[in-house]
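As structure tokens, the structure follows; a few thoughts come after it.
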Amino acid sequence: MTEINVAIIGHKFMGKAHSNAWRQVSRFFPGKLEPRMKVLCGKACTEELEATARQFGWEESDCDWQRVVEREDIDVVDIATPGYLHHDMAIAAAQAGKHVICEKPLANTLADTKEMLKAVQKAGVKHMLMHNYRKIPAVALVRKFIDDGRLGDIYHYHGAYLQDWIIDPEFPLVWRLQKKFAGSGALGDIGAHAIDLARYLNSEFNTVVGQMTTFIKERPLVAEDKGLRQVKAGSGTGKVTVDDDTNFLARFANGSVGVFESSRFGGGRKNYNTFQIYGSKGSVAFNLERMNELEFYDREDPQEEQGFKTINVTESVHPYVGAWWPAGHIIGYEHTFVHAFHDFLTALENDTLPSPNFTDGVKNQTVLEAVERSAKSGKWEKP
Amino acid sequence: MTEINVAIIGHKFMGKAHSNAWRQVSRFFPGKLEPRMKVLCGKACTEELEATARQFGWEESDCDWQRVVEREDIDVVDIATPGYLHHDMAIAAAQAGKHVICEKPLANTLADTKEMLKAVQKAGVKHMLMHNYRKIPAVALVRKFIDDGRLGDIYHYHGAYLQDWIIDPEFPLVWRLQKKFAGSGALGDIGAHAIDLARYLNSEFNTVVGQMTTFIKERPLVAEDKGLRQVKAGSGTGKVTVDDDTNFLARFANGSVGVFESSRFGGGRKNYNTFQIYGSKGSVAFNLERMNELEFYDREDPQEEQGFKTINVTESVHPYVGAWWPAGHIIGYEHTFVHAFHDFLTALENDTLPSPNFTDGVKNQTVLEAVERSAKSGKWEKP
Amino acid sequence: MTEINVAIIGHKFMGKAHSNAWRQVSRFFPGKLEPRMKVLCGKACTEELEATARQFGWEESDCDWQRVVEREDIDVVDIATPGYLHHDMAIAAAQAGKHVICEKPLANTLADTKEMLKAVQKAGVKHMLMHNYRKIPAVALVRKFIDDGRLGDIYHYHGAYLQDWIIDPEFPLVWRLQKKFAGSGALGDIGAHAIDLARYLNSEFNTVVGQMTTFIKERPLVAEDKGLRQVKAGSGTGKVTVDDDTNFLARFANGSVGVFESSRFGGGRKNYNTFQIYGSKGSVAFNLERMNELEFYDREDPQEEQGFKTINVTESVHPYVGAWWPAGHIIGYEHTFVHAFHDFLTALENDTLPSPNFTDGVKNQTVLEAVERSAKSGKWEKP
Amino acid sequence: MTEINVAIIGHKFMGKAHSNAWRQVSRFFPGKLEPRMKVLCGKACTEELEATARQFGWEESDCDWQRVVEREDIDVVDIATPGYLHHDMAIAAAQAGKHVICEKPLANTLADTKEMLKAVQKAGVKHMLMHNYRKIPAVALVRKFIDDGRLGDIYHYHGAYLQDWIIDPEFPLVWRLQKKFAGSGALGDIGAHAIDLARYLNSEFNTVVGQMTTFIKERPLVAEDKGLRQVKAGSGTGKVTVDDDTNFLARFANGSVGVFESSRFGGGRKNYNTFQIYGSKGSVAFNLERMNELEFYDREDPQEEQGFKTINVTESVHPYVGAWWPAGHIIGYEHTFVHAFHDFLTALENDTLPSPNFTDGVKNQTVLEAVERSAKSGKWEKP
């Protein structure tokens, strides 16, 4: 067993999820490489940061990410900060010869993502983009069904990712609602997941037409933000500079059509990342809120007994599942990060490129920007 | 096309459902025999009865069922009254040489059902027991799956029929809550359906053990009862003499085990007539509230893709469905009666015995009485 | 009770559904006006047509619709033919002073619909457009919830109507796949329902952008078409001239955004007419395949107990339901037509205009044509 | 922060789940007490055991549980072995003054459980029984609803726990199928969970009547058993000495009735631990396979909008949830153990008795034995 030393930057929602996955990966997916959780990096060197590091299982904390990415004893830099910070961190880490894992979106602009890709390629380091939903057993099973020809030619793809955490107009102006930090709103945060899944499961995008809408244009300023949506409003208001709701149509390279919804105003939908894929031989439907299940319709069943089957994707024969519990003992959200790090470590072990990686980050960003351009031009745009 | 003249006795919930089915059967299932709706029979010769007859599509009304069952021009007597009246009507009709259709339960006592069976057999007339839920396409499809060996050996049967229309202690003491009229409560009214379905789909009962409970022992007297649960409370109260809730365990002749629930205190369950059947090769699950669907699990599917499939039982290849609408255009409650009368007319046409019939009525009653005996004896009882 | 004499034109799928509704309406919704089913009109005066008329409950059959619409004894002309025939029939009926009911779509072109509206207005007759899905109790309940302010301001509307009856490339070139008869394909047949529901429940459309796709461009010619999708392929092939799949985005007059899918390639979806409406105070979700249910989310519930509630829309307090059966005894597809005719007769009785009517037909058609224009122009188009 | 030293006995399915929970508890529920994972104890001192200890996060391994429970540095002994071993281990641990956590069932006989309870009480140590399903947020929410009076008087309780891992008659004779190791089969393994939940949520049991059945009486012997149902058949067969399927009726101390099913022959049910509770004011329904959801029916909703609501029990206001992820990001099976250890540590911190504990183990066992007695006597039996 070889230890591989990890540094993480970011300690809120994503920092917590990544930290957990680093702790858990070798417990459930023992391999030749075992991550050692060296240092957690935050903005300020506070006692709170040190406490968080300890709680999350890191040996040390630090507040100077530039120093951290250059530490000789660090092999992997894991970037779990808001998107606007990714560019500089990833490039610095690559230049220091570290393997880089980066939360999605890779960056807030296409230009940035291209520079980042170039940097990791030039440095010859491994790179991974954290689109954790590819790593859900049910999603990986869809990929397998498609590879096996079970859906046939795909005709129609619908992806919808709805949440509802900002319906209340009094919910404050957190960084995710500001363009300078977040790049975009519903589109870049959750629509990006829908785009990545469509690219993973279906095909590259040929062209898109979309609309972006901000329903609540002014919100209270933030008094306190503890991450994980635990936030308090202060006095004064500010302008919401991102979209609350973005929808678009698509044509894919494989000839299929796509319909996409992303909204933070989907009342009652907590984490409703859903897709339905309709092909000549079969269909599937998935909902993240029931992520251990997959609905599968097989047109080759006898007509009398056709229907959508609810597969409980918890059998040891299913992707990733054998490492966990017996059939019917479901897994949760954070397991997807464990799977991702398992794939990352396996790629390192085999000297292959992890998937998805920065190339996917660039391609996803071209789609995001095409949607944004289309929302302005009122026309179809090519990524 | 030959006309066949029908008289019906009863004009409330069941009278309405049967009348509709007589009107509809030849519209959707045209055959050699076409029913002619001659006369609707009620308790009193009122204008209201005549109006009801006209509204339901009957040529005449009458208030003397004895006169009606002896009319020379009547071929079929359809009894849609409360159970305590069935015995005399069915026997009189049989003795008058009429074919007899009888609502379930066949009667309120085993002795009565046996006399009725004897009477129709002696008279050589056709007889049918209206257990309409056998005639649901999804239920008939289960019967076919079992015949085709798709479930293999059956191990475990669960039937639950829950409603909630009397949870409110102020709901008045309608005839269904009085032993002298209804025989029993949840058991005979809805549990009887669960028993009949189990006999139809699984096996005869070998032995049962049960408990019967009356939660609300005293209720307001009825001021007005328009049928169909539209009823008003008056002053004074009376004793509830039937069970609110009855459950029992069973062993079947085929070696399988059974678990049965029937309750009128199942809050939120409107017409929750459900069963799940588990066999060595497959399982099914059904819920009357979604009567156009059947859930089917096939153990012979590859392990990776096993699961309960929701079959939309609305394809033209499904039982009874071809007569109605294209796939996905669902049918409703009252269609089950149309199917039953179609089967009845087909049996008449082919000179065979309709199914289910009075023999089933006797057998169902033996199970009902065994449950009642067991509730008193505290022991397993044989039907 | 006053008789009102009805003639119907059309005797296949829609003719069957309308005929049933004329037979049933006064049985379940007795009113002052009672329809008398005078004559069923088809293309050719055959024995088969006469038999169909008899089976469906009509007194006579005829093959000359022009003669029929001018018969003095006819009060209402009910047009249940393919869309390309509606224009001439409706105008002739109006000019003959008859009230007119017309299946959707009102016509295949906007110009035609406008002429039809003008004709009925000029003649001063009542007119109704048969968008039967407005008459589903669950849909009418949504309308009531919105009227009562239960959804608040509506932000996001998603309508999807998917079927799968032509996925097989060998399914023949029926009239619904030919532009000259059907106007358009998925869009005009099922997308039109989604549009009408959105106008009924949400708001008028301001602007749309869409894509129309034909996946299978050539199909076998029809050898025999019995309606109701019972059709046989012959030799030779022909060109499919309508869309298999149409999707579009919308902006509504009330400021909300819309996303629409319509496809005949939605494998496993039999009659999947669904919508979800998200507002500031609540959300609803509906699926025609479970048309007796409505999912309702109320943001004003305590946070601890929020969630989508499955309302079994079968209580006597629900729209239309009191006329049928007790709670939990579901109704089916064809009941929606009965409700529509009940509303029509009530409007006649009260001398008001039925809803929806030809004005809705014109408005729906403007949206359909805007989608078609947009699919060609690649730009947003105004209805 | 004070460290508290833990030793665990058992390293298969339950050992893995408990170990994970010890690792995770302070990461997500930081408190004053932090467990230190000292030693994992197995049957033989092998390299494999040492490797497992390391993988699961334990400092050492040992193969002499008696030595381990007497180690001075150990504060808590966590027993995660098959039931027949619990008695001696728990008593030895108690006598050594250790706090004891014991997997369910507490023991295989009532006599044993009583001795164990006596031992921990005499030693004055804390004791906990690991019925982890009490610690599911949705289940804890039910408990809260009942405490708040939201269900009113409870009338009817149905618990069913079905799995299907031994339907195949070739599945070998693992220890869970042998009375000497497991005590009983479906009853003690999964029925015990249903009993514990009913006691937790509803009431103590007054009397029961049941049936126990073994469908497959002879099975292949085991060649290799890696735990977690990963097992290979060898040559020869042996007798199945436990029940495959056990069902029973119950009367509770609070006047409600109960119906219970437990089966390992429920084809397609992977971990179908379900209950429905019907009360005068509301009802709930739960299914472990969708353990992040709770269905709740509130009779006090207006009649027009009543129905079962699917609560996504992932809000920060829900029990235990605040420690994990934002709304809609579901948790999995193993989290229930984390919650249990959190409760255990909190009890230690506050010097209170954890819940459930050995007293519950005794009471559960009285119900299990009453069901067994009843299956033999054919009569109702009191626990």
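Which chain is which? They are A, B, C and D, in the order written, and residues in each are numbered from 1.
The working rule: a residue touches a chain if its C-beta (ideal position, glycine included) is under 8 Å from a C-beta of that chain, and two chains touch if they have at least 3 such contacts.
Everything numeric in this text was worked out from a predicted model, so none of it was measured.
> Measuring between Cα centroids, what's the chain most distant from chain B?
A
> Distance from the CA centroid of chain B to that of chain C, rounded to the nearest Å?
35
> From the C-alpha centre of chain B to that of chain D, how far is it in Å?
Their C-alpha centroids are separated by 41 Å.
> For chain D, jot down the residues that touch at least 2 other chains.
269, 306-308, 312
> Quick one: label the inter-chain contact graph as line, ring, star, complete or other.
Its topology is that of a complete graph.
> Provide the residue numbers of chain C that touch chain A in the complex, in ascending order.
155-156, 158, 160, 162, 164, 167, 209-211, 213, 215, 244-245, 247-249, 251, 255, 257, 259, 261, 263, 265-269, 276, 278-283, 297, 299, 306-308, 378-380
> Could you pull out which chain B residues touch chain C in their complex?
Answer in residue numbers: 13, 17, 20, 23, 26-27, 30, 55-57, 163, 165, 228-230, 269-272, 288-292, 312, 314, 316, 324-335.
> So in the complex, the part of chain B that touches chain A is made up of which residues?
141, 145, 296, 298, 301, 303-312, 315, 317-318
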